[in-house]
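In the part that follows, the structures are each spelled out as structure tokens.
In what follows, chain A forms one complex with chain B and a second complex with chain C.
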Partner chain A sequence: MAGSALRRLIAEYKQLMSNPPEGILAGPSTEENFFEWEALIVGPEGTCFEGGVFPAKLSFPADYPLSPPKMQFTCEMFHPNIYTDGRVCISILHAPGDDPMGYESSSERWSPVQSVEKILLSVVSMLAEPNDESGANVDAAKMWREDRKQFEKIADKLVRKSLGIPA
Partner chain B sequence: MGDQTAQSKQTENTVAEINQDELIMQQQRQIEKEIQDTTPLVGEKESLKALESEYTTDEIYLSKAKNLAQIYSFLRRTRPDGNCFFRAFTYAYLEKLLNNKEEYTKFRELARKSKDDLVELGFPQFTIEEFHDTLMEVIDKVGESGENGHAELHKLFNEQTYSDYIVVYLRLITSGQLQKEAEFYQNFIEGDRTVKEFCHQEVEPMYKESDHIHIIAMSTALNTGVRVRYMDRGAGTEVTAHDFPEGSIPSVHLLYRPGHYDILYP
Partner chain C sequence: MRAAGVVLISVALTCAVVGNAYYHKKQFYPSVVYITKSNPSMAIIYVQGLILVLMANTFLRKIFFGNLRAAEFEHLMEKLWYAVTETCLAFTVFRDDFSPKFVVLFTLLLFLKSFHWLAEDRVDFMERSPVITWLFHIRVASLLALLFSINLAMFNYAYNSTIAKGPSVQLVFGFEYALLITVVLNINIKYILHTIDLQRDSPWDNKPVYMLYTELIIGLMKVTLYIAFVAIMVRIYTLPLFAFRPMYFTMRNFKKAFHDIVMSRRAIRNMNTLYPNATPEELAAADNVCIICREEMVSASKKLPCNHIFHTSCLRSWFQRQQTCPTCRLNILRPTTTSQPSRQQQNQQPPPAPAAANPPPQSTPTPGAATQQAAPPPQFQIPTYWAHLTTPPTSQGLGNQQGQNSSTSQLPSGIVTGVPVFTHSFQPIIPLPPVPTPPPNLSNLTEEELRSMEGNLRAAVEARIETLQRVQLLLDAATAMMSQYQTAARSASINLPKSDTLLSQDDNKSTTSSMDNNRDSSSCISDFSMPSSTNGIADLRTSEVNEQLTPDSSSLLYSDRILRNNSLSSTPTPTPSTSSTGGIAPGELENLRQRRLVRDQSVD
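For the complex of A and B:
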């Protein structure tokens, strides 16, 4: 099992290296272990996360790509679809069936033809357009809905922090 | 102060909600694990009499099981994991091809070419390669095993990776067919979804159950026929038959009981 997962991860890494999508950098943390990746995501232009560079890690299961990886930001984040510990909660990262509330029936699901690139692009869209219906961080979802100004202020602080600029 | 209480209450609710979600998922995994431990991916051939004994206290199903036993002799069960249609079909079809060299060669050629069709439809090559290679490997191994073809087929289909990779590839072929004939299949899709969205949500992900539309698209893509016998609580004492695509000559017979497919043999 792990053999095919490894082959696939190597192929995806090569693909990302030769054809890198804008604003995304990703690859294995070390040469020894292709099942743990690090990624850098640039906050999309025209959004309150613009210009930030946010680090995250991806952990792949032994049966990848039958099952999706898990993704977690390793910097401080405040966003409706990111848990306070950094775990990302979007539909493409859910195995089919892992949707007890049924609120994601109409969105993109994980399948073996998805890829790391697709996940990271979805995360960029998620930064640009939070989904306040699936609240991984209910406080952030509430603030996004009811006090956008305050949300943008916090986002701006996180952007500066990610760049090492004092607030 | 009042605000703070409200906020901490909300946080509590969130925690409760998450726990509820995770509990449901945990329970689901537990059930899946029990099924995994007790049911092989593809079982041995059994007499249809075994089915009758399952329904001794259920008159409707018992009469249908008796009816089924008049038409067919054997049953082969598959694991009920949402992939059963694709797994059952491919197993039964390859089994049939073992006795038909000409059709085997045709199918091998069709399978070989199918990857280029999928790439043309926009599937990234690096995501489909392994699945296609696995299907070709299984087709070849089974075909080259001569008298041991059946045993080889049974062995490979009960190895999780081989078995699941074949299911993935059959799902992709099905998705490709739906997208190729999107205009036609759009009429059968409920809700406000395009064919592409339907494929992303209901066809390509593993463990998603198959409906008529999956069966029609797959059998059309493979240029073969499937007869499904429906056994449910509906009126009558007979198991109704549906042929996919309509009017085709079935090369595989499947038994459908709500939510699940098994293989039937004359």
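For the complex of A and C:
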């Protein structure tokens, strides 16, 4: 019997295919391995990431959905809640009791109720509203707080880069 | 290509060195002496040896693993790095033992370790891979057997040499191989479990339990080994600093496995004894999908005190991680741990406590009690786990209701976090929660009554505990009332046209809105678990025909391929595509580009 993780991932993939949320695209990156996904996220309108198309990869643990997947942007990102290597740091991706920043309440943490779709929607809203309390990228958090203009300039550059438009 | 060049150069150099020596000395022994005397020659020989070992390693890896996945390679490099640094630390303790033999033994150990890591990754991968070939089984089984026998032989060798020659660096090697033996054991058990699981036609409910116990036992073995090793090293040499990092992780894992087992056993026992099986009607009433596995619930489902229903097997594996309701995070362990003593206390009524701490309930009719008599208790007061333990309170006397009160309001988790009722029903009239009897006014107590609360006698302690429990009841009631007010305020504001956040989340179902009820809705900036609105990207909607709306399993992979080819390349260059599955319509990239370009021009 194939593992329950695999069956749930297939179910989620079907769900995403039949009823895709706008501005989000996600699916397994190879046919052999349903535990590594790629995703494209469109920067939400009305924010400094508007219109950018940001690729990311999701890797699921063998005991998914009991443990959360990991998510990492594969393009250059500059955001308070994204590490410089692209790893995303939001509460929905952390299991309770595993709190790298020590600021998250357990009600926002990972539980099997969450899903790929909810993660990606959370990431979209994270792009819209950074949480500068989390120190995944301290420079970005500082700039977001103190020098919004400069932050928007960098974000704009990233958007252009993601679209292949020369700056 | 470059590797081949390096190998060629190295072989050529070695030939030159050996040829040169033989040319000078003409005989075997003198040539060997000649080479060992010359440092440059020796360097070349060492490099050659290293390259040969690397080649053998690559060759063996190809035989047993084929091509490595990217993740496997990453893991390998990461672990190799730690292993090398830790061994460099170990060098500092054994400076005197440093010799070519040491280097050879160390390299061998490193290679064996790398094969263990790879084997572990491979076996873990069995859970994720849909197809396991015979080749896979042959490879893994033979590799595990080989690794086990090598470990055993090397451990034996280290043990004998330590016994014969006294403690040396062989201590470290012996310890390392002993550890590797436990690793092989662990991989072996996992491999067997996965194989059995794959052969089965139905899900194997007990597998996570076996996995957890395996982890515990292996963890125990490792911790014992580490402690023994450190003890020996401290007695003979010095503190083995290089062993501390892995020892710390081993101990942490062991502690976690132990904790998980204890907690999950408790939670599963609660589940089996206290929580009812979901009836077919309940299954039909809900939308019938288990939120953990996203599969239909037909049978063998349990209803938690918060009314959330899941597969029994899914809950069992979830309780190994956390002992909460997956949907609303109601703590599964807390209700029984608090309700059990209170039940006992109820049975013993009246306790042998003096009257001071236990005034007769009838004599102090509080306003809360009056309200309760007038209005039937609100729905949330009687969590299901309690409802089936006692009879409903309405038909009973006031004294019993007091007991009922105390038992329900002693469960703050049931009231504060178990909000399922709030989510569905916005009652027009929200009855006040009952207020339990407040603690007696201490100034009214007689000297005797006060004295009876002093001392360590059982009666005195019980009296004090009872007073404290009353205080707790008051607090709980206050909390419950507060959350009632909040709900009332919220359900009142939902009719206003401007607050559309709750309405827009209706499609998220009760699961998320139940979490929302716990939270101050306005002040939560760190909350990304619920996107407040998605209309930011709403205009991406394009009305193209979805050809493959519900792909079944066979077309799934097909559409997956399309998806990958068309839109999921990591450098999103727009390609003309025919597929319209997915949340970003084809051509949308080009649209976004154009729009940005237009905006740029208008800015200029």
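Following the convention adopted for this analysis, the second predicted complex is superposed on the first by the 160 of 167 C-alpha atoms of A that agree within 3 Å, B and C clash if a C-alpha of one lies under 4 Å from a C-alpha of the other, contacts with A are read in each partner's own complex, and residues count from 1 in each chain.
What we mean here is this: a residue touches a chain if its C-beta (ideal position, glycine included) is under 8 Å from a C-beta of that chain, and two chains touch if they have at least 3 such contacts.
Remember, it's a predicted structure, so these values are computed and weren't measured experimentally.
Following superposition onto chain A, is the placement of chain B relative to chain C best described as a clash or a fit?
Pair status: clash.
Go through the superposed model and pick first if A:7 touches only chain B, second if only chain C, both, or neither.
both
Of the partners chain B and chain C, which touch A:108 in the superposed model: first, second, both, neither?
The answer is both, since A:108 touches chain B and chain C.
Determine, under the contact definition given at the top, whether A:90 touches first (chain B), second (chain C), both, or neither.
second
In the superposed model, does chain B or chain C contact more residues of chain A?
Larger number of chain A residues touched: C.
A:135 in the overlay: touching chain B, chain C, both, or neither? Say first, second, both or neither.
first
Just chain B (first), just chain C (second), both, or neither: which does A:32 touch?
A:32: touches chain C, not chain B.
For A:22 in the superposed arrangement: first (chain B), second (chain C), both or neither?
The answer is second: A:22 touches chain C but not chain B.
If you stack the two complexes on chain A, which partner ends up touching A:124: first (chain B), second (chain C), both, or neither?
A:124: touches chain C, not chain B.
Check whether A:165 is in contact with chain B, with chain C, with both or with neither, and answer first, second, both or neither.
second
For A:47 in the superposed arrangement: first (chain B), second (chain C), both or neither?
Only chain C is touched by A:47; chain B is not.
After overlaying the two complexes on chain A, where does the chain B footprint on chain A coincide with the chain C footprint?
Shared contact residues on chain A (touching chain B in one complex, chain C in the other): 1, 4, 7-8, 11-12, 14-15, 63, 65-66, 95-96, 106-109, 111-114.
Could you list, by residue number, the parts of chain C that touch chain A in their complex?
Of all residues in chain C, those touching chain A are 69, 71, 124, 127-130, 197-198, 200-204, 208, 291-295, 314, 317-318, 320-322, 324, 326-327, 329, 511-512, 515, 518-519, 525-532, 534, 536-541, 548-551, 553, 556-557, 559-561, 563-564, 567-568, 570-573, 581-584, 588-589, 592-593, 595-597, 600.
Show me the residue ranges of chain B that touch chain A in the complex, using the header's touch definition.
Of all residues in chain B, those touching chain A are 7, 10-11, 13-14, 20-21, 24-25, 28, 82, 123-124, 126-131, 134, 160-161, 164-165, 168, 171-172, 191, 193, 197, 200-201, 204-208.
Mind pulling up the chain A residues that touch chain B in the complex?
1, 4, 7-8, 11-12, 14-15, 63, 65-66, 95-98, 100-101, 105-115, 135, 138-139, 142
How about chain A: which of its residues touch chain C in the complex?
So the residues of chain A touching chain C come out as 1-8, 10-18, 20-36, 38, 40, 42, 44-47, 51-53, 55, 59-60, 62-63, 65-67, 74-75, 90-92, 95-96, 103-104, 106-109, 111-114, 118, 121-126, 128-129, 131, 133-134, 159-160, 162-165.
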